[in-house]
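Paired with chain B in one complex and with chain C in the other, chain A is shared by the two complexes that follow.
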Partner chain A sequence: MEWEAVIGLEIHAQLATNSKIFSGASTAFGAEPNTQACAVDLALPGTLPVFNEEALRMAVKFGLAIDANIGRTSVFDRKNYFYPDLPKGYQTSQLFFPIVGEGHVDITLEDGTTKRVGVTRAHLEEDAGKSLHDEFPGMTGIDLNRAGTPLLEIVSEPDMRSAEEAVAYVRKIHSIVTSLGICDGNMAEGSFRCDCNVSVRLKGEEEFGTRTETKNINSFRFIEKAIKGEIERQIDLIEDGGRVVQETRLYDANKNETRSMRSKEEANDYRYFPCPDLLPIVIDEDYIDVIRDNLPELPDARKARFIEEYTLSDYDAMVLSGDHHMATYFETVAKTAKDSKLAANWVMGELSKHLNQNDTTIADSPVSADQLGGLLVRIKDNTISGNIAKKVFEAMWSEGGTADEIIEAKGLKQVTDTGAIEKTVDEVIANCTKQVEQYTSAEPEKRGKMIGFFMGQVMKATGGKANPGAVTGILKKKLDALCD
Partner chain B sequence: MFDKTLAELAQGLENGDFSSVELTQAYLDRIAAEDGKYNSFITVTGEQALEQAKAADEARATGNAGAFTGLPIAHKDIFCTEGVRTSCASKMLDNFVSPYNATVVNKFNTAGAVMLGKTNMDEFAMGSSNESSFYGPSKNPWDTDRVPGGSSGGSAAAVAAHLAPAATGTDTGGSIRQPAALCGITGLKPTYGRVSRFGMIAFASSLDQGGPMTRTAEDAAMMLNVMAGFDPNDSTCMQKDVPDYTADLSKPLTGLKIGLPKEFFPDDLNPAVAQQVQAAIKEYEALGATVKEVSLPNTALAIPAYYIIAPSEASSNLSRFDGVRYGYRCENPVDLEDLYKRSRGEGFGPEVKRRIMVGAYALSEGFYDAYYKKAQQIRRLIKQDYVNALNDVDVIMGPTTPHPAFKLGEKTSDPVAMYMEDIFTISLNLAGMPGISIPCGMTEGLPVGLQIIGNYFAEEKLLNVAHQFQVATDWHKKTPQGI
Partner chain C sequence: MALDRSDVEKIAHLARLQIDEQDIPEYTKNLSSILDLVDQMQAVDTSNVEPMANALDAVQRLRADVVTEENNRDKLQSVAPAVENGLFQVPKVIE
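The block that comes next holds the complex of A and B.
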């Protein structure tokens, strides 16, 4: 039997407004609990919401970026349920008339083909606070700093058929919201979260299988793992004669498995109705046109430009343009170094390696784009070799500072003085009589490969600072002279 | 001194006949001596009142007094007052001291008013008799065996018993006008969006509106001058200029067109009420008005529609009272569900629970279209009825209530009978238009109220029409025995 997965995603993107969606409190992350919760956020009696129009602008930007219908009249509704970190006892959201209607994005699959994924809708809502279970034994702490942070909930069509497609879609949405500057995209801090609806069916079937929803997965890697695991679990279950139950599941990253959180029967009746404290949001064409005219470059356009402007390969352009921060970083490095290929190699190579190893993002990179550009300038002007540059980068990463400061402080400046190099070469030849003999007695066409040994010795003796081109030339000249 | 209107007291302060401290102290003494009979205050704020009075006297001494400086008033205990218990007459908020002021309270403070205290009301403004108050019912000063009406019964009783020259109230289905009628005072429900709702604890957000409860229309105009106006903290508050509501009070009523909706004079209307209201309308004709019959055909649907919409909104608005952050919390909850169930079960009274249940039911999946959506459709029809009627006439008049004040306990066992009390007032909240109730007669020692309804933002017209009646008659000057 051949199975097919059907995947639809709900992404919650925290909008990067300075203040909350319905109050003036700050949205900054990481403050002391309950220091960024005002009377409105605490749902004190008598308080009322006032809509933050910046959130509207951001939602409209997103709608335009995915070629969606913009709701000319959108309405806030109340979604009623009790939870300690939901202070009002309802979440203000948009059910009946969302700000963003149907749209779509194109994702690139592994085989290079493009697939269009439908976006059903995207609506504005407020985030809840956080329940803290570990800090107070036997009790639950409530931190309402996050309560009222604006969210854009982006709901996809069930158009994805594999975990890889799902991740490609999430990356695309991530890329769009960060490029638009409407979300910082920080998944670890919960600024960008994903709920995955997964079902399986036999290939060729029309009907969808029963779906499960796996909530709040906070990295691209976990999304892929969670979906893969859930697909396997459902297939195993059905093949063993079981039945998938419609339920909400939680992904446990430590165990790499999903587990049941609540079944449909336990689900709330949210008693949605239009929020009487907020007026419908009515926007006109002019409002939309102004936003459209000021949209920044979007990921697809940027990728095309990277190929054109920096003569990058399709793959390099995709990687470098996909993440807004990475694209900006790359462009700064390329412009400073005046060498796009070198910049691409370093951003995708050394920098990405360090980011991954340290589990950090390019936005938080300890080496700035200007600093990396400065390093590459020193490779280009032969001040240092590529190998030395890696050492300098290492130092920049761990200790900070510019390339020039580190090269100077550590004395890593490349030796291009041929006199000094000749002296070292002479010493190496004098010390390695056995290898010199092998060289001189070898067939001339094999000598080229043998020169690497001497090269290594010279580099070792100079601490890697000798200009590799100059060393090769001098070595060749002196060794070949011995052969005659 | 206690029979003086706000306007007269303002004159007295201006003339130096008495200071605000003297005036305030006199009222505080009177409340201490007399309110045992009426239970019209939940909290008396003597100390703060005297501080405010002192500040007002100082402002006057330095030439910085405004029209309201030094005048004492009371606030319905639904308005949040910083540092003062704001209970909404509920056990749920018996321990709640607000950390902020409602916009209306701030406006009065800025105008130099003195707050005597917080008045009794039906719990969370749900009721028409004041009997649902956690603090016990307020009593009608005309007959303390009778209800003062509700939900702003404490404010009405306090003004009628001369324990405060004026008070604030709120009106969701008649909660200013009905107690004003039953206690023989003047009560104005402004246009929805005229007065900020920020800091006014929500019952039904799309219907709630704060307004003045006073002895005269002139005083109501003075109060509204302070209360009305745009508030950036309330998205439903209108960005519309506030006129001087006292400016047009004296305009003659020649040519005024009064509409009498036949639906407001049903066959079973209390005959004495009908007779007093008809007499008042004769008085208006004598003042130069003409009268014609109009129709509000959907009036009978107002109560059923209201009792879907208001409880629906209330069921959601009152969800925040969950025992987690403030207010009543049950003893020793075993788990979260127990905390919710017992805190709410023990903290809310029966009428509040009844409305939460009705509202939650009306909004639940599968019933929403049949109840909430249908009720909103009816609401539009009712609004259209008023718009149509007011195309032909300047104001609409009728009785405020179907009969005078009833006995305490008379309707507590029959919620529907209680709901019918608001038959003439409730449709106006659904339409969002302003209405005022003024005393227009007496029957068996109890006051009768005349309701005057106008178009959106026609408060000036209503106050003018009410004031001219009060210039021509003495009904508003009647005082309960022993006061």
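The block that comes next holds the complex of A and C.
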């Protein structure tokens, strides 16, 4: 039997406003508990919400970026449920008339083909507070700083068929919201969160299977793992004669598995109705046109520009333009180094390797784009070789400092002095009689490969500081002279 | 439209209202009669009327995105039944 997964995603993007969606309290991350929760956020009697114009503008920007219908009239509704981190007893959201209607994004799959994923809608809503269950025995602590932070909930069509497609979609949305500057995209801090609706069915089947919703996933890697695990769990369950139960599940990154969140799920009954405290939001064509005319460069356009302007390959351009921070970083490095290919190699190679190993993101990279650019300038002007540059990069990563400072302090400056190199080459030739004999007696066309050994010896003797181009030239000249 | 006993119990639960067993028939009757009134209104032909989201004939005013609130935690928490380390304390909500 061949199974097929059906995946739809709900992404919550925190909008990067200064103040909350309905109050003048700050949205800054990391403040002391409840110091950014005002009377409106606490739902004290007599308070009324007033809608933040920037949250509206940001939502419209997103709608235009995904080619969606913008709701000329949108309405806030109350979604009613009880939980202590939701003091009003309802979340102000949009159900019937969302600000952003149907749109779409194109994702690039691993084989290079493009797939269109539908966006059903995107609506404005407020975030809830935070519940801390483990700090006090028998009690739950409530921090309402996050309550009222504006969210854009982006709901996809069930168009994705694999975990890889789902991740490509999430990355694309992430790329769009960060490029637009409407969300900082920080998944670790919860500014960009993803709920995954997953079901399976036999291939060719029209009907969807029963779906589960997995919440609480805060990295691209975990999204892929969680979906893969959930698909497998559902297939195993059905093949063993079981049945998938519609439920909410939590992803446990430590165990790499999803588990049921509630034992007895009562069917949700949110009793939505239009919020009487807020009037309909009406926007006109001029408002939309001004936003459209001022949209920044979007990921697809940026990718095309990278191919054109920096002559990058399709793949390199896709990787470098996919993340807004990475794109900006790359461009700074390329402009400083005046070599886009070298910049691309270092950003996608050494830098990305270090970011992955240290589980950090380019936005938090200890090596800035200016620092890396400065390093590449020294490769370009032959002050250091590519290999020494890696050592300088290591030092930069762990201790900071500019390339020039590190090269100077560690005495890594490349030896380009031909006299000094010649002297070392002479010593190597004198010390390696056996290898020299092999070289001279070898067929001329095989000598090219054999020169690598001598190269290594010279580099060892100079601590890697000799200019590789100069060494090769001198070695070749001197060794070939011995052959005649 | 007539509600039955279980409807009333469910509505009370959703609203987190504790109601007396003996009052349920009365609530059932009263709520049903409200719905009867709704049914009566449903009979009016509204096919040419735009649905309205608010009784006021006005649109939402917008607020500039500026932080205007200061930290008033001490004052705001002075009316809370239990506070610890700046957090509001409530009975534990998960097992």
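As a convention for this text, the second predicted complex is superposed on the first by the 474 of 484 C-alpha atoms of A that agree within 3 Å, B and C clash if a C-alpha of one lies under 4 Å from a C-alpha of the other, contacts with A are read in each partner's own complex, and residues count from 1 in each chain.
One rule holds in what follows: a contact is a pair of C-beta atoms (placed from the backbone, for glycine too) under 8 Å apart; a residue touches a chain by one contact, two chains touch by 3 or more.
Remember, predicted model here, so these are calculated numbers, not experimental data.
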Which superposed partner A:L279 touches (first chain B, second chain C, both, neither): both
Which of chain B and chain C A:T214 touches, first, second, both or neither: neither
Partner chain(s) touched by A:K88 [first = chain B, second = chain C, both, neither]: first
Contacts of A:N467 with chain B and chain C, given as first, second, both or neither: neither
Touching partner for A:T47 - first (chain B), second (chain C), both, neither: first
Which superposed partner A:S179 touches (first chain B, second chain C, both, neither): neither
Which superposed partner A:R78 touches (first chain B, second chain C, both, neither): first
Greater chain A contact set [chain C / chain B]: C
First, second, both or neither for A:Q414, with chain B first and chain C second: neither
Common interface positions of chain A, toward chain B and toward chain C: 39, 42, 44, 50-51, 80, 82, 84, 142, 269, 271, 276, 278-279
Chain A residues touching chain B - in the complex, by the definition given at the top: 39, 42-51, 78, 80, 82, 84, 87-90, 142, 269, 271-273, 276-279
Chain A-touching residues of chain B, taken from the complex the two chains share: 79-80, 86, 88, 93, 96, 98-100, 102, 197-202, 204-206, 232-236, 312-313, 315-316, 318-322, 324-326, 336, 340, 360, 363-365, 368, 372
Complex contact set, residues of chain C against chain A: 10, 14, 16, 53-56, 58-69, 71-73, 76-77, 82, 84-94
Contacting residues of chain A [partner chain C, same complex]: 17-19, 23-26, 32-39, 42, 44, 50-56, 75, 80, 82-84, 97, 131-133, 135-136, 138-144, 269, 271, 274, 276, 278-282
